[in-house]
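Quick one: the structure is below, and I'll ask about it shortly.
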Amino acid sequence: MKQRVYYGALALLVLLGCLPFLDSSYALRIGTFACMYAIMSVSWTVIGGFTGYPSFATAAFFGLGAYCGGVLINKGWPLFAAAGAAGVVAFAGALALGLVLLRLRGHYFAIASLAVAEVLRELTNTATELTGGGMGLNIPVSVTGSSSVMGEASFFFWAMWALLLLTFIVVRLIQESKLGFGLVCIKQNESAADMIGVNATIYKSLAFAFSGVFVAMAGALYAAWVHYIEPPDVFDVLFAVKPIVMALLGGLGSPAGALLGAFAFLGIEEAVWRNYLQIHSGVLGLLVVVLLLFLPDGMMSISKRLSQLGGRRG
Amino acid sequence: MAEVLVLEKVSRRFGGVQALQGVSLSVGSGEVLGLIGPNGAGKTTLVNVVTGVRSASAGRVLFEGRNITRLQPFQTARIGLARTFQIVQPFPDLTVLDNVAAAALFSQRGTRLSEAREFAAEQLEFVGLGQFAAKSAHTLTLAMRKRLELAKAVAMKPKLLFLDEVNAGLNASEVDHAMVLIRQIAKRGITIVLIEHLMKVVLTVCSRIVVLQNGALIADGTPQDIVNDRRVVEAYLGKKYAQLSAARG
Amino acid sequence: MLILQILLNAIVLGSLYACIAAGFSLVWGVLNVINLMHGSFIVLGSYLAWGAYKALGVAPWTSLLIAAPVFFILGYGIQRGVLNRVIAAPVLVTLTLTFGLDLILNNAMLVAFKADYRQLVLDPSLGSLSVGSLVVPVDRIVAMIFSLLLTLALFFVLRRSRVGRAIVAVRMDRDAARLMGVDVPSIYATAFGLGTAMAGCAGVLLAMIFPISPIASGSYLGKAFVVCVLGGLGSVPGAVVGGLFLAIVESFGSLVLGPENAVTLSFGLLIVFLIVRPQGLLGKRGFE
């Protein structure tokens, strides 16, 4: 069952890679956003799903990555080097921060992780010389070398798509690894995990770092893609909450679920966005409320219930 | 007989309460030591201090000659100290097999998950939970959870094993079964410290018994010595009873 | 003299922070729910005061009498109808749920009132009070006095009233309270209602000083968070101490580091407190 969902999601992902052949700039834009959000929700699964720590730090990682990437590209770094550097900075930062923050649990951890984004945003706002502050940061350099609009759109789609593929595979490998097993033990009973030899502090920090590294790289790609970023845009609290909703939609704790949840969520959001621009965020809120009240285990719970009806052993 | 564990004047206070006061104790390799005492005597605190769950306020803990006073629980787990909990601590949504496999996997460096699962399956057979391997741990009854706790501890290939009230809440036949298991674990060469309320179990299984009262060690000897020790009888049954039985004796 | 003036301003601001945070802290402490709607409730309270003054000429301090029951009922209803269904769920679920509800409420206000700032201007103005070179506008003093009175009222409700004692009992030990015959769901709803009423009333008072916009809700919520953690969770005196402390740190921090760093400072303080002193300046360690 689990395996089937994984390979199904993987197949869908590969299929998505053919999107540029549709030759539609609208589809490419949506596709790029879908990949970006899926990177966030799949990454979040590592800390929120496997480990059970309610992290709201995704916005912090994304903004950090966007600004790292933007600043480095403006200094003349090639795109992929800048994205890689953003990933390294986020990984190291999350690892260090995690050693301290992950001593907190529940609401306290949630708030602290939320506060990280606030602090980073304000720091970015005030570090005017480096980041342009509240005026935002222009990234005028064309990193693709492609002169056509479609060429550039395809390039960024494929870059984001490839990063998603990488994220998905790495997160899946983590799930199957000793690290992933340890994280699940921590989620279920942290003191018992400690007693059997799991170094919970290091494991949790690694989970936090893995939940940030690809998001930061996505942020760097985003910065290069849109050519202009500003603090309230990239440190938006919605970047912290949407991945969680997507993961919840897909059924907590499964990277494949988070991937499908991201696509489903974005599909719904896009439909709402196009039809009800003014009440877009209200409808989004309604969606969240309905999801939490009536589908607590996400879309997976539907198929689970069906398979339970099918036979006892499910 | 080489000493596995040595406590040197170990103290621990919680606020104003002196939970352990200057406890010195040594446990020999291969020994089955009974640790008894009234409720609140500091038995579980002693286990917590040795395994690193609590830090000692004063004193030293040596394991195989190495000072482990400052180690964290995950570190003591990796050098060969294992324990069961008075209140069982399973990973509720993992399978019974994976509960034990986790213990085998994380307590030893360089173990592969497949090897850990294999070894775990053997330990489950050993405690008689083989047929429940694929069930979620939270579906087990209390008696079975106690055995799962035992399997987890054994799967860590410990040199020293603390068994904290493994028989509490079990019925007579379950207790008999647990006693057999404890003896078999001892036969593997694992040193055991048994914390136990049931005197029947302590007296039959242990070769030596120590008694804690109000955080201090008040007696140390063979089962025979202990049952005849006046202070122990006092601690357990009150002064009056001790005087009475002394007068009769 | 500048120092004294800043201190005076900080005390006025701190009293308002206390009022903002007291209800938030109550809900967090009793229900173990972080109510992300709190900021929007405050803004809604401001709109109520603005509308009442503009349309009917009702002064903000009189509007408190309307705001308190209206917001109590609103909060009570939301807790009973929606939140109560997931009250036992993990942190993530309750937190995300109140986020969703906040999106709805905030969007509704955006549609109804638009994003531009509105201002409640009292006419005639209450003027200002000056002692030596110290100057404080009277409307600020009025807002301060009422927010302290409201906070004090909440304190006495929790201390003295029957329902208040029940709320405190549930906060300390839910299961024991249940065994003693306390109707826990109704206490939850009452506590949430009180928290919402405090938010609405705080909004009414804030309308006298600050411009009103749905966009402001996030910053009010942020203040509530920080004050709550600084002062200690779930206690009214904690909210007062935390509010004053935050206002003083912000005011003097702005003086030394520049006003653009005030938010960084307060959130930095939040993180430090969470790690070093999670029980806050007053009070005991919270749940988890």
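Chains: A, B and C, in written order; residue numbering restarts at 1 for each.
One rule holds for everything that comes next: contacts are C-beta pairs under 8 Å (C-beta built on N, C-alpha and C of every residue); 3 or more make two chains touch, one makes a residue touch a chain.
All values derive from a computational prediction rather than experimental measurement.
Chain contacts in this assembly form an open path, with each chain touching only its neighbours along a single line. A comparison of C-alpha centroids places A closest to the centre of the full protein. Here the two chains linked by the largest count of contacting C-beta pairs are A-C. Separating the CA-averaged centres of chain B and chain C is a span of 51 Å.
In terms of their C-alpha centroids, the spacing between chain A and chain B amounts to 45 Å. The distance from the centre of chain A to the centre of chain C, each centre being the mean of the chain's C-alpha atoms, comes to 32 Å. Within the complex, the chain B residues that touch chain A are 51, 53, 72-74, 77-78, 83, 85, 89-94, 98, 102-103, 105-108, 113, 152, 156.
Listed in rising order, the residues of chain A touching chain C in the complex are 48, 52, 54, 100-101, 103-108, 110-112, 115-116, 118-119, 122-123, 125-126, 237, 241, 244-245, 248, 278-282, 284-289, 292-293, 296.
In the complex of the two chains, the chain A residues touching chain B come out as 178, 181-182, 184-185, 188-189, 191-200. Remark: chain C residues 28, 32, 34, 82, 85-86, 89-93, 95-97, 99-108, 110-111, 218, 222, 225, 229, 258, 260-261, 263-264, 267-268, 270-271, 274-275, 278, 286-288 touch chain A in the complex.
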